[in-house]
Amino acid sequence: MTDLATYNFAYLDEQTKRMIRRAILKAIAIPGYQVPFASREMPMPYGWGTGGVQVTAAILGPDDVLKVIDQGADDTTNAVSIRAFFQKVANVAVTTHTRDATIIQTRHRIPEEKLTEGQVLVYQVPIPEPLRFLEPRETETRKMHALEEYGLMHVKLYEDIARNGHIATTYAYPVKVAGRYVMDPSPTPKFDNPKMHMSEALQLFGAGREKRIYAVPPHTEVVSLDFEDYPFEIQKFEQPCALCGAHDVYLDEVVLDDKGGRMFVCSDTDHCEDRRDHGHAGAMLAPKKEAAE
Amino acid sequence: MTDTPLLKVGGLSKFYGSRIGCKDVSFELWPGEVLAIVGESGSGKTTLLNCLSTRLMPTTGSVEYRMRDGNFRDLYHLSEAERRFLMRTDWGFVHQNPADGLRMTVSAGANVGERLMAVGDRHYGNIRSTASDWLSRVEIGTDRIDDQPRAFSGGMRQRLQIARNLVTGPRLVFMDEPTGGLDVSVQARLLDLVRGLVNDLGLAAIVVTHDLAVARLLSHRMMVMKDGYVIEHGLTDRVLDDPREPYTQLLVSSILQV
Amino acid sequence: MATPLVVSEVFKSFTMHLRDGIKLPVINDVNFSVAGGECVVLGGPSGIGKSSILKMLYGNYAVDAGQILVNHQDRIVDIARADPRTIIDVRRHTMGYVSQFLRTVPRVPAVDVVAEPLFARGVDAAEAREKASDLLAKLNLPRELWSLPPATFSGGEQQRVNIARGFITSHRILLLDEPTASLDAVNRRVVVEMIAAKKSDGVALLGIFHDEEVREAVADRILDVLEFSPRKAAA
């Protein structure tokens, strides 16, 4: 059992991991370019992060410390399952602390805490092609990428403004990477787009069903598309986190009862806990925690 | 009278296997000139149009175009990037079926604005006012700017397609049966509009049509095609009023008189 | 200065391919010239080929043989051999044509129909319209019609629009195909005056006038087209 597990470290066979690593290297060499790869069947359904899991499996080593988040939280089903999966097939150390992790697999968020050199952020991507909804032909979208014909991307933003008076796209907001390829940052809120720009960490994107891998190497320019008279803006929240009192973080709305009661809390659970541990408190934080200590 | 043509076509042929698409076509087109290519279906006129507009690779022959820098380039020696850039800036292509030339699921304004954005226009307000200006030029109410072409009539769609093509100030426009499939009254309005725009903007145009009335109203010059060959070529009113070839005479005598 | 229009040894026939290729000769060996300031009238019975001659000169009909030499911007152009682009240029700058019928363009107001030849030469739009209005006024076209498209006008009204359009330019050669056919006496006289004005400007005019009074008034010389008729031999 032990020998077999070592041979098949992190579930995928060595040939597959080499194939995926080659795709990753190519993706790093051409920032923002979607590299096709022979995506494997994984023991989970498409849409549950099979692309991200394959990328993580290919780069994971025995000394890595893995963190998995889903919508910013370490404790939701998808995050818990994937974390358990890698514990089982690779026996790696896991953590919920952003700063302790060497690899962070994410669905839909970038941690609030600034990522540092040596860390790798692995995104789970459902639809990698930013041009897809305007141009259904794959042959045509590839040609458009090759020839840098990105007018269509602005058609989408134009439609947004025409319909809503402002750019209403709030997630999967298109970016231009290293001044060349337009890329879909996966369905992360546009709030996180600025964090991709000149990040010290390596960012890898895996789309299992669509069989594409792409990457943003560290210290790479990532610019959100916009118009001169409608510049890119991130969401602003009216109140701070109800638990830790943090401003300038991405908040989730939590419905408390069926009478309209609700609270806004950090989407990044680790960040929130860390702040509370350091004595920050929001308006709705129960004081009894201190008593218990 | 400028002395340099815009387009020089030499010995252009296209074979489909052993079958002739079009054979040995040569002509020159000058700025401001409208050339009609007429003939019945299967005569090779659409094949010729596609070969001229780089949508179809000819078997032999050359198509040279005078670029904005004044130099002639053989279209089939351009890189694909250059060719596509040419097609969305200096050229227009008006399809018979507007759905082939429009994005049916984005608004009229975005349809017109797309070419501007493609060449790097990044100011929403400017793009929108240019689009609005073009909609009125093609007689579409500016209050329809945010409607999708799906909600437009056939004639409006065709006019939108024309606006979408002309917004970048092209020098050459290809039209494939631009009035095909439209009601007669809608046709007249469209023709009149196209005629006015061509005159005002000094466009060169190549119009494929089987409708001789369209050719008479729009074109200066006419080429009659049959079985892939250009059988008669001359001043439009000369070809129509004094046709020389048996087939042209048949074509002209077949026009229904109202 | 070179003679504006010289026609030399022109032959024209129609080959009717749809009727077993029978050949209908129209005119044989046409020779004449028109000097500047001269008005030459083509005479002879109808069907003898008078209109055909005008159409050949204008490039509208092809020619079997011979030369039609036009002094176009200080060079001689042979209409019988010129390419379409040259003919269009000759029509734009040198040779005008007033046909019997106006080929109406839908939705264009009468004043713009008249001014159009000036627009085509790049004349300022306001100036061109003013000149067009002057001509329409001179031809007694009711002012309320000026801004309407001529498609619904009466025959006489259309004719006057057509004349104004033909006379608005300073073409050195003017071809007139029965311009007075459907006009009343008052307007016929106006046209006669306009032709006289063109003559004194040195324009070469060639026309067909069935109205004897007009013909007498404008013609310097009458050219009997029967001379060139292939039927002459038979007659």
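Letters are used for the chains, namely A, B and C, taken in the order the chains are written, and counting of residues starts over at 1 for each.
Following the convention adopted for this analysis, a contact is a pair of C-beta atoms (placed from the backbone, for glycine too) under 8 Å apart; a residue touches a chain by one contact, two chains touch by 3 or more.
For each chain, UniProt lists the protein as follows: A = Alpha-D-ribose 1-methylphosphonate 5-phosphate C-P lyase; B = Phosphonate C-P lyase system protein PhnK; C = Phosphonate C-P lyase system protein PhnL.
The model shown is predicted, which means the values in this text are computed figures rather than measured ones.
Asker: Which chain, with its centre taken as the mean C-alpha position, is closest to the global C-alpha centre?
Answerer: Chain nearest the overall C-alpha centroid, as shown: B.
Asker: Please indicate which chain is farthest from subunit C, where distance is taken between mean Cα coordinates of the chains.
Answerer: Centroid comparison gives A as the farthest chain from subunit C.
Asker: CA centre of subunit B versus CA centre of subunit C: separation in Å?
Answerer: Comparing mean C-alpha positions, subunit C is 32 Å from subunit B.
Asker: With chain centres defined as C-alpha means, what is the inter-centre distance between subunit A and subunit B in Å?
Answerer: The mean C-alpha positions of subunit A and subunit B differ by 47 Å.
Asker: Averaged over CA atoms, how far is the centre of subunit A from the centre of subunit C? Could you give it in whole Å?
Answerer: 78
Asker: Quick check: in the complex, which residue numbers of subunit A touch subunit B?
Answerer: Against subunit B, subunit A makes touches at 134, 143, 147, 149, 151-152, 154-155, 158-159, 161-163, 226-230.
Asker: For subunit B, which residues are in contact with subunit C within the complex?
Answerer: Residue positions touching the partner: 1, 30, 33, 188-189, 192, 195, 199, 217, 220-221, 234-235, 237-238, 241-242, 244-246, 249-250, 253.
Asker: If you look only at subunit B, which of its residues touch subunit A in the complex?
Answerer: 80-81, 84, 88, 103, 106-107, 109-110, 113-115, 117-119, 122-125, 127-128, 145-146
Asker: Note which residues of subunit C are touching subunit B in the complex, please.
Answerer: 14-18, 21, 55, 59-62, 84-85, 87-89, 105-108, 119-120
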